[in-house]
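Since the structure comes first, as structure tokens, the remarks are kept for the end.
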Amino acid sequence: MTDLLVWPILLPLLASLLALVFPRRGDWIGGMASLAVLISAAWLVHSVWDNGVIAVALGGWQPGLGIALRADGLSSVLLLMVAIVALTIGIYATRYFDNAVVRARFWPLWLLLLAALNALLLSGDVFNLYVTLELVGLTAVALGALGGSRDAIVAALRYLTIGLLGSMAFLAGVVVLYAAYGTLDMVALASVVEDRPATWVALMLMTLGLLVKSALFPMHFWLPPAHANAPAPVSAALSALVVKVAFYLVLRLWLDVFTVALHPATAWMLGLLGAVAVLWGSYRALRAPRLKLLAAYSTVAQLGYLFLFLPLLAGLPDGPAREAAFGAVVLFALTHGFAKSALFLGAGVIQQRAGHDRIEELGGTARALPVTTFVLALSGIALIGLPPSGTFLAKWQLLAAAVETGQWVWIPVVAVGSLLAGAYVFRVLGHAFAPGDRDGSALAAGREELPALALALVATVVLGLAAGGLWGFLDFAAMSPGGAR
Amino acid sequence: MLATTIIYGFAGICLFVLGLRGVLLHTTALARILALNVCGAGVFLLFVVLAYRGAGMTPDPVPHALVLTGIVVAVSATALALALARRLREIDHD
Amino acid sequence: MTLANGLPVLILLSSLLPGLVIFLLREDSHRLRTWLNLAGAVIKLILVGVLIWGVFHEQVFETRWMLAPGLDLVLHADALSVLFVTLSTVLWLVTTVYAIGYLEGTPHRSRFFGFFSLCVTATVGLALAGNLFTFVVFYELLTLATYPLVAHKGTPEAVRGARIYLAYTLSGGVILLVGAVWLRTIAGPLEFVQGGILGDIEGLDPWALRWIFAFLIIGLGVKAALVPLHGWLPQAMVAPAPVSALLHAVAVVKAGAFGIVRVVYDVFGVEFLATLNMLPLLGAAAAVTIIYGSVRALSQDHLKKRLAYSTVSQVSYIALGTAIVGPLATIGGVVHLVHQGVMKITLFFAAGNYAENLGIHKVSEMNGVGRRMPGTTAAFTIGALGMIGIPPVAGFVSKWYLGVGAVEAGQAAWVLPVLIGSSLLNAAYFLPILYRAWFRPAPAEWPHEHPRSGRWEMPGALLWPPVITASLALLIGLFAAAPYSPLEWAQLIASREYRS
Amino acid sequence: MSELLWVLFDLVLAGLTVGLAWVAVATRELRRGVLLFVGLGLLLAVIWARLRAPDLALAEAAIGAGIAGALLIAALRDEIGVSAEPEDGYTASRRLVDLGAIGLLLALSWGLLDAFLLSDGVRLAEGVAERLGESGVINPVTAVLLNFRAYDTLLELAVVFAAVLGVLSVGPARPALEAGSLVLTGLVRWLVPILVVVAGYLLWVGAHAPGGAFQAGAMLAAVAVLLRLGGVAHAGLPGTAATRWLLVLGIGVFVIVGLSVMFADRAFLQYPGDIAGVLILVIEIAATLSIATALALAYLGGRPVGWEADCDSPQHRVNRGAADRGGDA
Amino acid sequence: MPDVLALVSIALAIVFYAAGSIGLLRLPDLLSRLHALTKADNLGLGLLATGVALLAGDLVIGIKVLLVWVLVLAASASSSHLIARYSMQAGNRGHGE
């Protein structure tokens, strides 16, 4: 049963190799591999649901010496989300890249990215996290530069340099940790870490690296050009998965490994950066001339929300309130993953159909593609946090936690952020009502729009109504074996 | 053994900080890649310093393996960065 | 899935499913769309009939669905919700018929009727909400469903009006959300209970409760068009007639007023709220709105704008009723919920007919319209008289109870002048229209008149709805004391709200 | 007395390294920066040797100074005729960055000082020494690399694979150099066989002495660089299909060995004791070939000629030109 | 005895290296600098290699070290030839650069 953990990593890795060797059959290999990953992810979630945390010591060496792969509630749920989103984006990519040569370049990199994301989510070793972060970074940059335009290359280059800087900071943190505690395994670290300068410096460096990679406010400038100029399926993966996975690591480190050294002051500082990110990201999204740029800035804003949860989780004592807040941050991450990828795929359909994605001249295309406009509306609802979406429940819990811990300052931030989000979403949707001639038939660009529609529906309807089970699944005990606290 | 650790440890920290500063201050891609490699060298030096256990003792092999991995990762990142930079120059020239 | 917890969901689905199917229909499948709409409306009416019968006999209907730990989506039918559900179901059927007639030959009808059904689903959901969380969910859904309706025509003014509408309602929604979360966190799950729950919970800081009450009322006030927050309502007049009829008589505006009634009676409990002495503030706001709305209505030449301002003032009667602590005033406020709905929808139907048939938009163009369109104008007259509060039309009943309630509660000093003043103002802006319509000679020819086809002045689908709603208003006024009448029902609600 | 000598030596070496790094990073003139960087690489190799890390000294000299230096000098060659105009205007203000750098320096020193006080200095050294017998190799670094933390090395090969995929997808390779002068071709003809033999030796010796897959791979890549400089366009790389297989070989063998072991119901990459050494050698051979191919392709700077000839379906052969420009995204 | 010999040869090597470096800094033009570098440093390396070989005492290691010297000789000879040739082609005719 423990060898379940290996498949989500090895399947896409092997498929990536095959996709390079048999370039012409990239679509088939990619589709099969993504499907296989989805099945293994679902099976993994099922077995974590049955018997809590699953771990395997690779090479048979006990974790101190060797590397352990671990899957608990948090990582298995994210793994499932990555698998679903990747499969859907993969299907869309076969239609998006009509040029077989570019597709032949896309598939090996794409499957490698999928393997890297799964490896990062399952890794239980701090240095191994560095290598997986690096692998995610490089594949993301290579995919981003697939577009070939000058802006794409400049953005990819800056994304690479900044990403490497982040990785170096992370590695410096790993050095200090290894120097102080002599082990690289996260669970071992969690039990041995003390509240002293070495831990603070290590935590600061690792968090700094991860903040750069998850594009939190001051270090967000590389994200909008990179996500806006990458091909649509790639920018969907970048915004929904790559940036999200960096936040997952912050969550894992803060709540699982360094809980002893977690001072409310540092959590507040992150929360503050998150608040500024929310306001700044939403404001810039409001003024973005292009749809994909709007979506990219919206990612910066939504990540700000995620970081708002940190001071709240730090402030809440163990108990139902904290479990609710923790479930909320996971639900927020999941819903944003689905909604943002749907938004980018929708933008991709519009860009290919209209030749551009400038919002002002969107009217005609928005009417010709009613399903895509509906997708933009659904993902917009999820971004604002209006009821049928999962984000609404997450924001409710966020506000509830803010009231519970008495941290009132986050409430106006969330309120204004939601209104700004409403402004930039409905600015786009307003164009769908512009007067016009014939309305396109329901599924004008059928197969291209279905993946986006599926993702948007998951974000709003499924995660909105059926999210109740998430909290049960994530109950705190499953998060770390034996509860290191 | 203490003197060696302090000297090279401090050298490692200096390299790391120099590299970091270089990346933030330079604008051309090549200069930034150089600075990144220097930054990496600094971190690797720290790793090896904490692996060093005096003249007589055999050093701790784990950091050595990690640094080896680090060097290879650094060179592949450099290769990708240089390829992107070259592509950029090609686009600018035609 | 016994009937007890299945019925509320069925009522919701009866408009949700047709709506979703209509979205997917191609533009030219008119008959299927019409048939779907009407079938949905009729089925809902039947289900609501069963609901009324059940609730009258003390049967409990409740569906519960856990969305998140501590946050359950609860649909629970009690006396107050049944009142609002009946109102919206009946008027939805009538408005559907009207809309089918009104939108004949216009583009984007699948989209229109899809959102139209979603809007009613949200309203019914809001009415059946069993706790504050569910109420907020459907409250926001209502905003989403009505935005495309307001922007339906696609003209720049329509899109601008819709954007203003959205700005107001989203802001209101966020404020309501903050208030609801705050209350939910400090006071636990807020299941609506007749007579309120906060009274029995100790250790709640009164100042926090005052802030929360303010947040909730502001959030709801946006949709109930209390004075500073009413700006969106006149702008939303750009919407097609059936939308402005549905929006201003049944869905949006009533949602706000209904929300205020829920918060005052079933969350805080009116006796407990009196101790917090926040009700005078609400009363003052309502009074100001009533007067302000009527005054602004006077100066509006555009017929629909005048009706809009009239709505602004009329809805605040409900808020006024809730603000006065006393069973009679409560009855007055709650029953006005229904009466205003029926009367106002008649006026909007009539206004729609004038615009559709004769191209009349302004009051100044309405000379002699009574002769040309007797049916519609007769309905308009009944509606207008009701608004002024002249018996036997329903409006008189609610104003009467409000007046008597005020006297009984000893607050006649400021309530009576407001009531009388506003009735006079109503007369001031409605009677000239009636005079102009009946006694002034008709102009040589109407702006752009539709040729008279067949015996009636207009196609049946457009003529009969206003006539039906007008006669309904008359019947409710005449047979107020009959069993199952809105007044009877309001008395049942009031009796359960006041424990003393 | 010899203790003092060593301290003096360390001071000079460390001081020299930091000085060289400072000038390499601070210089405005790219050419000098690159050459100093190569010098820095060699100095680092000496430091690794000084700190008793021979494997790293080899790797640093071969990869850090060698291959990375070659890549940078090749990039310099493309740079000729281009003024170092800023790519994109953003640079954080100098004072802010300097302040941050000093702050970081102090913080890191404080953290490491505290870490050294806290730790007993042994960390994982004893653990590896005890289990070295079961690892199937004698050289502890190779044991850690290919047995204890084999998964890290697998992912590291994936990183190299990702980088080379990126290089291949970005654009076509550099134009080949014309044949070198008689002396150069003579040198190449002599050096290439020697280098190949040394690479083989390094690969073999890795099991019980400093050496191993990465150093050998870098050596083979050096052969490719030499051939390329000598005017051989394909730099020793076989045809497209074979090159694709070579690139894939390293990770493929690694994963297949790791998986096949699982059929004997052992964990992934848990080599059976007796044949561990053999398995490690097989993996190392495959890894060497993959790394050499990857680094050679990186030196080429992009897709070799005819790289995507077979992968576009017939109807797209028409806009092959557009494809090379990356096509519309 | 071999240690003394090794010390002498390494000392000599240092002298030659110093000469090469000074030559590099002082000499006016490219070709003469090349001349100084290749000559002095290679000889210095030879002496150093013999010194180290003697210190190591083991024949195999000694041969390997000398092999290093031979390879460096070949590399520096051909690279200095190439640099000279390139600079000649670049047209400075061997004086003052």
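In this document, chain identifiers A, B, C, D and E correspond to the written order of the chains, with residue numbering beginning at 1 in each.
Just so it is clear, a residue touches a chain if its C-beta (ideal position, glycine included) is under 8 Å from a C-beta of that chain, and two chains touch if they have at least 3 such contacts.
Keep in mind the model is a prediction, meaning the values are calculated, not measured.
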{"item": "Minimum number of chain-to-chain touching steps separating chain B from chain C", "value": "2"}
{"item": "Farthest chain relative to chain D (centres taken as mean CA coordinates)", "value": "C"}
{"item": "More contacts between chains, A-C or A-D", "value": "A-D"}
{"item": "Remotest chain, chain B as reference, centres from CA atoms", "value": "C"}
{"item": "Innermost chain by mean C-alpha position", "value": "A"}
{"item": "Distance between chain centroids, defined by C-alpha means - chain B, chain E (Å)", "value": "30"}
{"item": "Centre-of-Cα separation between chain D and chain C, whole angstrom", "value": "72"}
{"item": "Chain A and chain E, separation of their C-alpha mean positions in angstrom", "value": "57"}
{"item": "Centroid distance [mean C-alpha coordinates] between chain D and chain B, Å", "value": "12"}
{"item": "Shared interface positions of chain A, touching two or more other chains", "value": "127, 131, 134, 138, 141-142, 145, 153-154, 157, 172, 175, 178-179"}
{"item": "Sites on chain B at which at least two other chains make contact", "value": "16, 19-20, 24, 29, 33, 46, 50, 62, 66, 69, 73, 76-77, 80, 84-85, 87-88, 92"}
{"item": "Which pairs of chains touch, using the document's own definition", "value": "A-B, A-C, A-D, B-D, D-E"}
{"item": "Chain C to chain A touching residues, read off their complex", "value": "24, 26-27, 65-71, 73, 107-108, 111, 133, 136-138, 140-141, 143-144, 147-148, 151-155, 158-159, 162-163, 166-167, 170-171, 173-175, 177-178, 181-182, 184-186"}
{"item": "Complex interface listing, chain D residues touching chain A", "value": "87-88, 90, 107-108, 110-112, 114-116, 118-120, 122-124, 127-128, 131, 147-152, 155-156, 158-159, 161-163, 165-166, 168-170, 241, 244-245, 247-248, 251-252, 255, 258-259, 262, 266-271, 308, 310-313, 316, 319-320, 322-323, 325-329"}
{"item": "Interface residues, chain A side, partner chain C - complex", "value": "320, 323-324, 327-328, 331, 370, 381, 384, 386-388, 392-393, 395-397, 399-400, 403-404, 411, 415, 418-419, 422-423, 426, 430, 433-436, 439, 441-442, 464-465, 467-468, 471"}
{"item": "In the complex, chain D residues that touch chain E", "value": "180-181, 183-184, 186-187, 190-191, 194"}
{"item": "Chain E - residues contacting chain D, complex", "value": "71, 74-75, 78, 81-82, 85"}
